[in-house]
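Shared between the two complexes below is chain A, which has chain B as its partner in the first and chain C in the second.
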Partner chain A sequence: MKKLRSKFNRQTITTILYPVLFGVLIAVLWQTQLLHKIIGADTFTLPLPKRIFGIITDNWSNILINVRATVIVALGGLVLGSLFGYLLAIVATVFPKWGSGGLTIASAFNAIPIIAIAPILNNLTKDFSKDPNIRSMFAKMLVVMITCTVSMSINSYRGFTELKPFSLDLMESYAAKKTAIFFKLRVPNSIPYVFTALRISVPACVISALVSEYFAEYVIGVGRQIRENIVLAQYATAWAYIAIACGIGIVMYVILLIVEGVLLKGRR
Partner chain B sequence: MKRLYLRKISALLMMCVLLITALAGCGKKAENVSDNAATEAPTATEEALTPTEAPAATEAAGPYYSADASVESVVTDAAGKGMVGNWGLGNEYEIQALLTKYNQPTTYLSQAFDMDGFDDDSILLASAMTYNELGLVKNSYDGGYGYGDGVKYIDMNDEGVAMLEDNIFTTGKFAKENPETVKAFIYASMKGWAYACANPDEAAQIVYKYGSSVSADHQAYMAGEVKKLVETDMTGAAVTNYGNMDDTAMQQTLDLAKKYIKLDDSAAADKLQTLTLDDIRDTSFFTAAAASDGKFTPEKKDVSIQLKWLPQAQFMGYYVALDKGYYSEAGLNVKIVPGGGDIGETTAVYTGQVDFGVTWVSNLIAAKAGGMDLVEVTQVYQRSGLVLVYKINK
Partner chain C sequence: MAVSNLAAKDEAEIDKEDRDLSMEKDFDIEIKIKDLCISFPDKEGGAPITALQNINLDIRQGEFISLLGPSGCGKTTLLRTIADLQQPTSGGISVRGQSPREIRLQKKYGIVFQNPVLYDWRSVRRNVCMPMEMMGIPKKERTARVTKMLELVGLMEFGKKYPHQLSGGMQQRVGIARALAIKPEILLMDEPFSALDEFTKEKLHEDLLRIWKKTNKTILFVTHNIQEAVFLSDRVVVLSPHPGRVSAVVDITLERPRSLEIKNTQEFNELVVKVRKSFESL
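Up next, the complex of A and B:
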C-alpha cells in the first residue's frame, strides 16, 4: 500500500514537473532571445516576456474590464449551449427512432465556422435591445452557444443510451417504469459523458468568445483588443492580451478538472 | 428499403424540430442575457453615456435631422444616443477628435465594412469615405443604397480635425540602401497619379481591368472623388504639386495622433509623444524625384507595393503607372499587392514581404511609436476623405 502511494506520487510529480520544466526552458530561451534566433523572429513581432508582463501589470484595471466581458460571454454561452445540448439529448433518447439520425444532422452545425456565423448573428440581433453593448453581448453568446450545443448533445446522448450490460434488463425485470429507468439509470450514467463534453466545450467556448468579439458591434473584450493591437502594429500589447486569453482558457479548464475530480470521485 | 426511406423522412422531421426548438431557445434566453449584460454595462462604458435631449429643431419634422441642423446639434444628439459609428482599427482618431471638439465622450459603435448599420438606423452618424461608402449611400447603382439627397455629411476638413490619409512609405533601411529605387518609384507613381487625375474615367477602367472589388459604376464614381482628395488640400486650396508633403497638414495629423492614439504599451506611448515630423517623413526623395528627368538607375529593380485595401480607384495612380508602363520606363518591375480585411500594411513593409506600402499617416505614426523603422516618402492624399454621414428629414 505504501509502495503504491509513493509510486502514485512520483507519477503525479513527473506529470506536473516535465511540462513546467519545459515551460521554464521556453521562457528562458525566449527572454535570452535564443528562441528568436531559432525561429528567425525579432523582438518586435515577438517581444520579450518581461515587456509583455510589464504591459499586463501596467494596464491591469483596463485588462480586467475586457476579461470580464469575455468571460461573461464565454460562460453564458457555455451554460446555455450545454443546457440546450443536454435537452436535445433527452429528446433524442425519448424518441430513439429519430434521435440518432437527428443528432447526426445537428452535429453539422458544428462544422459552421465561427467567422461565418458571428457577423450574421450580429445583424440578426439588431432588434434585441437598444443598448449596443447588450445586443452585441447577446449575439456573441449565441455564437458560443452554437459551438457548445453539439458536443454536449452527442456526448450526453451516448451517456443516456450506452448503458452497462444487463443493467437495462435488470431494471426491466423489476418492472421499472420508463421514467424510473431514465432518472435512476440513464441520468447517472450520463454524468461522466457530460464532463467529456465539457472538456471539449470549455476551451471551445473561450475561443469562440474571442473570435465573436472580432465582429461585435460594441468594442470590448480580450479578442477585440488582440485584433486592434495587431492591426495597429502594437505587438507587445497584442501579446499581452494573447497571454491573458491563454490564462482565461487554462483557468477555466483547471476549474472544470477540479469540479470533475470532486464530483466523479471513485467513479472512474 | 422502405424502412430506410422512413428513416430519412424522420431524420428530416427531426431536423425541423431541432431548428424550431433552437429558435425557441433563442427567445427564452433573452432574459438571462440582459441580466448579465445590464450589470456589465456601467463598467464597460467607462465614459458613461448620458443621454441628452435631442434639440427641438431636429425632432420636430421626423426621426432624423433637419436639413439645416448645425454640426454641433447633430454630433451632440447622435453621440448622446451612443449611435456614432466607425470601423475602429486605427480609423477612429478623426471621429474622436470631432467628438471631443463638441464635448462628447469618445466611444463609438463598431461599424461593419458595409453601410447596413446606417441603413437600418442602428447607427445615426456613420463614418464614410467620400470616395467609397458615401457613394454607396447616395447612389443607386449596383451595391448602392440610393439615398440621394436624403443624406448630409460632416466633413473632417471643415471641422479642423482632418488627418492625412493615403501616402507612400517604406522602411528607413530600404530608403537608405536603395535611394534611386525610391526616387524612381515616387517619380513613376506620381506620373501615374497625374494621368489618373487628368483622366479619371480611363483610370477607373484601368483599375477595373486589374481586378476590382466593386462595380464599374462605383469605380468611376470613386475615381472622381479620389481626384478631389489628390488635388485639394485641407483648406480647400488647389494643389498642383502632386504628392507634396505639406508641413502644416502633417503637423496637424501628428498633433491629433499624439492626442488620440491610445497605446497600452508604456514604452510605445512615451515614444509617440516624442515623435516629430522628421521622424515620420523624409522629403528628400520626393524633392529629388520631382527635380529629376525621369532617368534612374535603381539599385533594386523588382519592387512591390502593399495597398491598404482591395483593388479600387482609391489606388488608381499605381494601376495607371503600371498599365501605362511608367514603372518600366523608370527601370522598375512593380508588383501591386492588394490589401483587405486585417492585413497590416505597416507590418508587411516592416518585415520585408513588400518594399513599399500605402497607409494612413496615423497608422504609420502608431507603428513608428511601436518600434517599426518606417518613413513616409510621399503624401498622395492632401486632405481627409473621411466624413460622418447622417439622414435628413424629407
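Up next, the complex of A and C:
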C-alpha cells in the first residue's frame, strides 16, 4: 500500500492527472457544443469530437500511410540532427579556444524560421533523386535536422564541459589520458544534457516535419493532409489529421520519457 | 702525535656516523619541500599574488601530517602542488627522490577532495573501481580489491547503491576507498570532512586512524579545524596567510592508538591550546 501511495505521489498527479482532466473537460465542452458558444464557432469549421473520431476510424489505412511518412521524416531528421549536434559539441570541446564561440554562431541557425528554410531546401535538393518522394523526403529531413542540431550541440557541449568540481583533478591525479577523460567522464556526464536537448527536439521535430510537408514537392504526410483538407474546406478531415499530429507528438514524447527514465535510473 | 691522530680518527668516525644518520634520516623522508614559492598573476593586471612563500618541510614515510591554517593561507595550494595539479613558481618538491609529476604518472597518489567527487552514473562499486580501470588492472583483481576496500571503509552492503542513495559521510568513505584502491604510497586529503556534521566527522576520524594504521600510508591532511588536526596527526604544520608560509610545526605527542576519549584529556587540550597560540602569534 505504501509502495502504491508513493507511486501516485504529488508529482504524478500534477504531471498526468491534471492535464488529462483538463483534456476531458475540453472534450466534454466541445462535444456538448458549449465550446462553440464560448469561442463563437460553428460545427462546420470545428466539427464535434465524435465526428472527427469517426473520420479517423473510417480512413485509418490512409491515415497510417501519412503517419508513416511524417514519422520517418521526424525521426530521421531527429537522429541526423542530434548526431550532428553531438558531433559539433565534441569538436567544440576538443578545440575549446573557438568552441563555445563557434556554437554561439551555430545557434543563430535556430533563429531561422522553418517556413523560410523549407522552400529553399526544396529547391536545393531538387537534383538529389529522380523519385519525387525520395527527394522530397530528403528536403523535409534536412529541415528537421537543422531544427534539432542546435539544441543538441549547445546542451551536449554543456554536458561535456560543466563537470562537477574536482572531477577533472581526480582524473588528472590518476594520470588519465584525454581519451579516458572523454569516455569515462565527459560522455557519461553529457547524457542528462542529451535528454534535455531531446525534450526540446522531439516536439520540435514533429512540428518542423509537419510544417516542412506544407512546402514539399510530393503530397504526403500528416501536415500536408491538414493543409490539403483545409484548402478543400474539408474541415472534419483536417481536424482528424490535426488530432493524429497531436497523437504523434505525445507518443514520441512519452517514449522519450520512458527511455530517459530507464537510462538515467541511477542518477538523481 | 699519536693522540692527535687518534682525535682525528675519532672526528672522522663521528662525521661518518653523523653522515650515516642524516642519510638514514633522508631515506626516511618521503616528501621534501625546499624553498617553495607559488604566485598567481593578478586578474586585474596588478602585481602577482604570492600564495606560498619559502615553504620548507620534510614529511616522513608513514607519517600523518596536517596542514592547518585559515582560509587563504595556501594549504590547498600546497597539497595540489605536491599532487602535481599545480606548478611551483620557484623552489621544489621531491617525493621519494622523484618529482611530483613522476610520482603522479606512476599513480602513487591517492587523493580525497573536499567533496567526494563520485560519478553519479556509477554504482558505489564501480566508483571505487574507476581508477583501476584506467590503470588496466585485470577485472578479477579489480573486483577483489573493491570488495577489500569497501570492507575497510565499512560499506560492504552498499556496493550496488548509487551515490545519491548514500549519506554525505558514506559518500566520503567511498572517496577514501577509491583513493586507497590503487594502493597509493601517499594519501593526500583536502578538507575531506569539512562539509560533514560533527557526529559523522568524529566517526570518520576514528575510521581514518584505523585505516591509516592498517595500511601504513603517509597521509597529508589539509584542515582548518584545530581539534581535528591534533586528534589525527603526528605533526601539525601551521600555515599563516598573506603570503602563505609555515609559522609553526607542532609535534603531537599523544599516544596511539587514539580514541575519542583522548579529547577529554588534559594533554589533548594543552596541545590544542599550543596550536591555537601559534595562530594568535601570527
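Please note the rule applied: the second predicted complex is superposed on the first by the 254 of 268 C-alpha atoms of A that agree within 3 Å, B and C clash if a C-alpha of one lies under 4 Å from a C-alpha of the other, contacts with A are read in each partner's own complex, and residues count from 1 in each chain.
Criterion: a residue touches a chain if its C-beta (ideal position, glycine included) is under 8 Å from a C-beta of that chain, and two chains touch if they have at least 3 such contacts.
This one's a predicted model, so the numbers in the text were calculated from it and none came from an experiment.
Trainee: Mind checking chain B and chain C on superposed chain A, clash or fit?
Mentor: Chain B/chain C on chain A - fit side by side.
Trainee: After the superposition on A, what does A:184 contact: first (chain B), second (chain C), both or neither?
Mentor: The second partner, chain C, only.
Trainee: Of the two partners chain B and chain C, which one touches more residues belonging to chain A?
Mentor: Result: the larger residue contact count on chain A belongs to B.
Trainee: For A:99 in the superposed arrangement: first (chain B), second (chain C), both or neither?
Mentor: First partner only, chain B.
Trainee: A:175 in the overlay: touching chain B, chain C, both, or neither? Say first, second, both or neither.
Mentor: In the superposition, A:175 touches chain C alone.
Trainee: Classify the contacts of A:138 with the two partner chains as first (chain B alone), second (chain C alone), both, or neither.
Mentor: first
Trainee: Working from the superposed arrangement, determine the closest approach of chain B to chain C, counting only CA atoms, in whole Å.
Mentor: 14
Trainee: Can you list the residues of chain A that meet both chain B and chain C?
Mentor: Common to the two interfaces on chain A: nothing.
Trainee: Applying the document's contact rule, which stretches of chain A touch chain B when the two form their complex?
Mentor: Residue positions touching the partner: 44-45, 51, 54-55, 58-59, 62, 65, 68-69, 72, 76, 80, 84, 87-88, 91-92, 95, 97-99, 101-102, 104-106, 119, 122-123, 126, 128-129, 131-134, 137-138, 141-142, 145, 215-220, 227-237, 240.
Trainee: Of all residues in chain C, which touch chain A in the complex?
Mentor: 80, 83, 85, 104-105, 107, 109, 111, 113-115, 117, 119-123, 130-131, 133-135, 162, 164, 182
Trainee: Can you list the chain A residues touching chain C in their complex?
Mentor: Against chain C, the touching part of chain A is residues 164-167, 169-170, 172-176, 180, 184-185, 188-189, 191, 266-268.
Trainee: Which bits of chain B are touching chain A when the two form their complex?
Mentor: 7, 10-11, 13-15, 17-18, 21-22, 25-26, 29-30, 32-34, 36-38, 40-41, 43-46, 82, 88-90, 107-110, 112, 116-117, 120, 122, 261, 263-268, 342, 344, 346-347, 350-351, 363, 366-367, 370-372
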